[in-house]
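This report refers to the structure that appears directly beneath it.
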Amino acid sequence: SSGQVNVFAWGDYIQANQIEKFEKDTGIKINLSTYGSNDEAEQKLKAAGGKGFDVIFPSITNGNNYYPDGLLAELDETKLVNAGNLIQSMVNDSVKLGGTYRGKRMLMPFNWGTEAITFNSADMPIADADVSFGSLWMPEAAGKSAFRQKSVIMGVGLYLDAKGDVKSNRMLDVYKSEDDARRVWDACARFVIENKDKIAAFWNNATEATNAFKQAGAKIGQTWDTTGLLLNREDASWKYRMPKEGGITWMDSVGVPSGAENIEQAYAFINALMTPEFGGMMSKNTGYNSAVAGAADFAGDEYKKQFNEVYNAENLANLWWWQADTPWFAPLRQEYVDKITNA
Amino acid sequence: MGALTRSFGKPLSFGFIALVAIWLFGLILLPQISMIQRAFQVEDRGGVSAQLSIDIDKLYVRKFDIEQQLKALEQPTAAQPQAPSPFAPSMGQAPAAPSPNDPFAGLSAKKAPAGDPAEIEAKRKALQAEQNAVSAKIADLEAQETGPAALDLRYSLENFTSMSAVHFQIFVATLFYALCVTVLAFLVCYPVAYAVATAGAGNRAAMLLLALVVPYAINELLRIFAWVMILERQGLFNSILNALGVIDFSAGEGFRFVSSNGAVFAVMVYAYVLFMVFPIYNTIETLDRNQIEAARDLGASTWRIHTRIVIPHAKPGIAVGAIMTFMLSAGSIAVPEIVGRGMHPDWFSQVIYRRFFEADSWNQGAAYSLALLVACMVFILAVMAVFKVGIRDIAK
Amino acid sequence: MTDQTAGSLLSAPARRQRSVDWSAALLNGYLLFFFAWMFLPLILMVLAAFNANPTPSATDWQGFTLQWFEKLPRDERFMQGLFHSLLIAAGVIVTAIPMGLAGALILSRLQSRANTLLYTLLVSPVLTPGIVLGATTMIFWRDLFGVEAGLFTTVMAQAAFIAAYCMLMFMARLQRQDHVLEEAALDLGASPFFVFRRVTLPFLMPTILTAAFISFLQSIENYNTTFFAIGGSWTLVTEIGSRMRFGLSPMINAIGVIFIAITVVVAVTHTIMTRKRA
Amino acid sequence: MHGQDVTLNGVSMRYPNGFVAVEPTDLTIRAGEFFSILGPSGCGKTTILRMISGFLDPTTGSIAIGGRPMDGIGPNQRPTALIFQNLALFPLMSVRENVAFGLEARGMAKAERRRRADDLLSLVALEGQGDKKPGELSGGQRQRVAVARALAVEPAVLLLDEPLSALDLKLRQHMRAELKDIQRKTGVTFIYITHDQGEALTMSDRIAVMNRGRIEQVGPGEEIYNAPATAFAATFVGEQNRFTGTVVDADSETALIETPLGRLSGLNRHGLKQGENAHLFVRPERMAVALNGHAADLDNRLDARLERRDLEGPFLNLFLRAGDMPLTLHVTNAGDGMTLEKDAALPVGFRRKDAIVLRAEG
Amino acid sequence: MHGQDVTLNGVSMRYPNGFVAVEPTDLTIRAGEFFSILGPSGCGKTTILRMISGFLDPTTGSIAIGGRPMDGIGPNQRPTALIFQNLALFPLMSVRENVAFGLEARGMAKAERRRRADDLLSLVALEGQGDKKPGELSGGQRQRVAVARALAVEPAVLLLDEPLSALDLKLRQHMRAELKDIQRKTGVTFIYITHDQGEALTMSDRIAVMNRGRIEQVGPGEEIYNAPATAFAATFVGEQNRFTGTVVDADSETALIETPLGRLSGLNRHGLKQGENAHLFVRPERMAVALNGHAADLDNRLDARLERRDLEGPFLNLFLRAGDMPLTLHVTNAGDGMTLEKDAALPVGFRRKDAIVLRAEG
């Protein structure tokens, strides 16, 4: 095969080793553009009318933001020859999280991970079992916590629900109706604002998250896996742990924009990603968990070691999954983000 | 019209008119009108259509679920046991895969359905019946859907009136800060503009002017960037403090000048000061120097010369400078984005940006843009009234 | 300068200098401070571009290097962005100049109250915040023609206000032109088109060149409007902007040095040339 | 080149705003003559010129050039060429291109029009200056380029709208002679507009004195100066001492009028009758100091008092007062230091034939 | 108000670029006199004025006003007020505010300065115009506002830098009288700069003729006009016919010079000796046509030929040529229609006492 493929991916998903291998294997050139948040990806694709890219990696729960505008093409499962490599339960679960639209398969699982607590155990000695979304708000965390405004309102919600302060059916209420969402998030935002003396930094993408700890002086934060795990690889006093309320869990997926021009190459690329080798490279690079069965065998010892430190049967059983977005979700959540930012 | 064809002849005149029409309508008026239209158009995301769409989506998911269960009934082995951990490594006592739907079920692998064929058959019947019902329901609901957007549209003031308190507060704060930037820029610039404009025609004047032009011509972003370098945690200011022993880098200390409100404000003054200098310079330059000398000859002090002669003369320039500086700072996105790094209270431009590109709410984005535009227009009109200048003095 | 160096930086030569003019001294001190404030950041930026320190810094010197410059041409996003910037600038020049010219010519003839209205409307983009221009253009093309944000919408959004700058330049020039020149040409038997081609256009030519240059600069360096109108694409400047948000890199300093060098060279040449002519 | 005559037949101009700039006017300008229209600013001179050149259509009446009616004929088709108040040279074209412009517009080949342009440049004494830009020429040279450019299209009538007003005094005086000269050489009809009486008087074959859209007198310069037909013509051209009164005696030659200063007599060219109100005009240079026997031939005498005495260089201005009336005398500066005391009593007078009696209107 | 005298003692000005605008100059201007400095553009007039007003410090020498040395005293502390070439009225202030500005600067109370300003406005005949803006006034009125503004601070010396140059001819002539009048009323010393000889001659008590940074002659106007001390003064003020030659005979009264047109005699005021090169100057109005017995008292005669004859109104300009030399004659228009043929031979002449012989330099 030959030609090129325009890939639009999260900043850390496609790295030099993958590009090199793919280009060597297939002769297809990868033009990589990256984004740091789902909104960025979504709006760029929206602004370009679904054109300009051949492969994109939305979080599966965001699918609903793409479908009604026709930004994604239905996946041709006959071309996804390596789809069988995917962990079957993830494929099934992805439907309920928004991977299909009106019965059509739009997105396939790519990887999964969590948003949990990264902290420096030297500065903030917290026992693994005590780690909580509430840890960000301990008096010791004053001026030291970092988080993403968009998800802190979920973490705080889970914490307040667990404490019994604000009942939210483990935050599933925010997906129920706009009014429920407001009720819960109002309380969450209020909580954050009352405790804003704890805040050291906000982050909106993985790079910023890392900078929050490296440059802005944060010692504890609600982050994606990669941030905590990569810090931990450099300095073991950094830990990434599931809070007792349950780690916030996401599944990212891969899809083909409706305006894609290099269809063949796009499928060749997706199929490559669905091999354990590529899945392993991704895990090794980032610390995220691949959706490909057997990928962990290619992800290196460090990845495995970290996985076992972070996850165990209980906390896995206790994961909290992002649900498929509802229409009011994005604008409403942004309002609370603005509230927190400007408090 | 007649004057036009008399000067240029018919064909040329029509060409000019066409070009201006394209510009006026295609690039200015109609885009504004689309924005205004959007600003008053409300998408009801919690409305009937939205709910309908959600319901349909749920039915599809249910349908898929039924299909899965039916499949499981056909091939009991395939469904059992639940997929192992997605991360095959190491886990002897492997917990079950985390299930998005039922995370708590992970630990106890579901039992396969009982092998009793009658039971299976009954189950299948029930599932098939439900499948049919769901399919019928889907068809029914889909027929009720009107468009793919699945949102209720109507015209109202809601996009403005529903502006949240935060946004309104940001709006007001932005205008206030922009006003402060404008006033500060004036104070900073006036002496400079005066000095350069009255430096005469010699080499020195040329040098001074050049010294103004060069930073003015350098990209706004780069000028901002230069400041980020200074204000950074590891930047010049902190380095100086470190060298003085006020802070200790090695202990991880350092002020976060960057991302602070003050930094955004200060850099904005830096970035837009020159838009104040040039208009004032231009008007002062046209001041007959004899007037200054006449005033001095009549015994006026320096202060009086400025308040009575120079500033009144420079009014149109001050007006232009104020308008440009205000408009640029109220609408600036570069400074707050780059200097603020998301950590300082927002600038209204950022709210607008996020309404469009993060909140997926173009209509509110349009409404907010319109609010900003109107605010700037009000400012311009106020300045024009206060300084008693006309539109022709302004756009120079 | 001659025997003046000790004199005030400001007051014209041979103004009173014997008695201490300390308001002038104060002004001089302030000027010094002002220009230091203007230039110091830029100087730091330039220094850091040659510092091997991967965090741009003028204080923590880790050795002289040109590596940040060498990296530039290999950075595809930057190069592609530059290419986009140039395409957009070209598009802006070919649209804004004819529109600005047509606007100026019509306004110079139109003798009615409509003149001020038209003038106000045509210059309004200059007084409109850039992000609003970008947003309206983006909305308009998408809603009416299904054209999504990108290079084209960026050209449209930028041209809307750059054409106004061009128009103002042309109007200033036309004000210095004598209407009578055109009448004189007509009187000598020329057709209106001939008059335009032989008299009006040559008269405007230098301004057209200046306007093209200014349009180019304005377009290349525009951020606010472009930021909204560019959609999924990018220009050199939006790329610089998005990199800055992720942290500092001396590559941006390297670009800065190039920009500054070009600016200084152009400004100095221009100054020298105008001074020679005078 | 041949001059043609220009006839205005009841021509008037009323601007769209209702202002009547030119009242209905009949006027014949002879072929080949140097004809000036002299009048104060705003009197309608330019309006007349623009009607003749075709930039304006008369509200009433018609214009004929060389006997051919000009109605509906545009400026670029009339046998006229206009020289503008500010010359309107094309600043970006060379002098030669300027001169050749009309030929270029007519599609004449390059070599041919170059040759013609150079001929014209020598006619106006600008040989070898063809490659310069107008900006590199002196005011007088530019003036001549404008003339050459206008002549290039071989007009029968050259229309000049205050072409010298932008020049300084010395150059203006010099260019008068040049223009007159070119007119003589080419034989083209010149219609020359000015508000400068000196210009009109020195150059013109005939002058029309215009006031408020109306032509008040047409005639050779000497006639206008020495025998003005209206009070306006009398005062606009040159200075005058004016005495107002009632005619007490009149015959076909002389009128005697009763003024507050006594009875004064002057020429009665307009046949005023006894009892009519009249002005009597005497020019300052025709009045004399009636001292030391100079008084011999002075028919009229007045007792005046010297108020001020200004040396202008070649002459002295004496400002006097006779009764309530200010009087002005021009006296040649003979260098003999006519030493007159301020407030000295100074009898003055004038000859009857130097005074003109005109009907006082209204 | 009281005029004071102004003394320049070896005052010179050398600009930083090395250009010497004023050579070392001694000059005394008397208290209360109307003193003009007359000279061509660029000769250094404004420079002198700016040194007196204190905006420039002399390179050498010193200036005293009313006997008080002015070194180190700033423009706002000198008893002078300056009226600028372009008036420099403050366009955004009302006329009254303009006039009161100097008083405002001195901290005078509003009501008081308003009263004073109104007094001054009536002095310059501008009662009731105080509320207008300068832009709403005519040129002459603006002129008077500038005077009133300068007088408001009660200066002892008023310095006027070509204050009339922007006005048109008629108005300029009118304003001369007004300025002179104000000066007389106030008694303030006026130092008046102009390059217009008419202005200088009509207004001044004394005139300094300046050329290239040097004052060439100081004296009353009549003296300057009738007895110029240098060739420059002779030609700059008024017109001249100039004959160049060598002195062949000279005594304390008369010099006889040999010119290409023959021997001509004139007054020898500067004591030229035989053999020296000399110019002989005769003014056009002092030359006469030597026809019909008019020739009686003409000491010098020339055979000339009439080239052109221009009626200027009050006088005729006759342009003649004698040999190679162009001559100009001014002849009063006596109305008797002196009908001279072009190219007619025309003997002309002048009296010895009307001719001045000056040393030819270089």
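For clarity, chains are labelled A, B, C, D and E in written order, and residue numbers in each chain start from 1.
Operating definition for what follows: a contact is a pair of C-beta atoms (placed from the backbone, for glycine too) under 8 Å apart; a residue touches a chain by one contact, two chains touch by 3 or more.
Which chain is which protein? Per UniProt: B = ABC transporter permease; C = Spermidine/putrescine ABC transporter permease; D, E = ABC transporter ATP-binding protein.
Since the structure is predicted, the reported quantities are computational estimates derived from the model, not experimental observations.
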_Other chains in touch with both chain A and chain B_ = C
*asked:* Which chain has its C-alpha centroid farthest away from the centroid of chain E?
replied: A
*Higher C-beta contact count, A-C or C-D?*
C-D
*Mind having a look at which chain is the central one, using mean CA positions?*
C
*In steps of 5 degrees, what rotation angle do you get fitting chain D onto chain E on the CA atoms?*
175
*asked:* So the centre of each chain is just the mean of its C-alpha atoms; given that, what is the distance between chain A and chain E in Å?
replied: 92
_Centre distance in Å when chain D and chain E are each reduced to the mean of their C-alpha atoms_ = 29
*Please work out the Cα centroid separation of chain C and chain D, and write it as a whole number of Å.*
54
_Can you list every residue of chain A that touches 2 or more other chains, as numbers and ranges?_
46-47, 208
*asked:* Among all residues of chain C, which ones touch two or more of the remaining chains?
replied: 13, 138, 191
*Taking the complex as given, what residues does chain A use to touch chain C?*
31, 33, 36, 44-49, 51-53, 205, 207-208, 211
*What residues of chain D sit close enough to touch chain C in their complex?*
53, 55, 75-77, 80-82, 84-86, 88, 90-93, 101-102, 104-106, 149-150, 152-153
*State the interface residues of chain B toward chain C in the complex, per the touch definition above.*
1, 3-9, 11-12, 15-20, 22-24, 26-32, 34-35, 37-38, 188, 191-192, 194-195, 198-200, 202-204, 206, 208-215, 217-230, 232, 234-236, 239-240, 270, 302, 323, 327-328, 330-334, 337-338, 341, 349, 352-353, 356, 362, 365-366, 369-370, 372-373, 376-377, 380, 391-392, 394-396
*Using the touch definition up top, name the residues of chain C that touch chain D in the complex.*
178, 180-181, 183-191, 194, 198-199, 202-203
*Touching residues on chain D, where the partner in the complex is chain E*: 176-177, 197-198, 201-202, 221-222, 225-226, 237-239, 283-286, 308, 310-315, 317, 330, 332-335, 337, 353-354
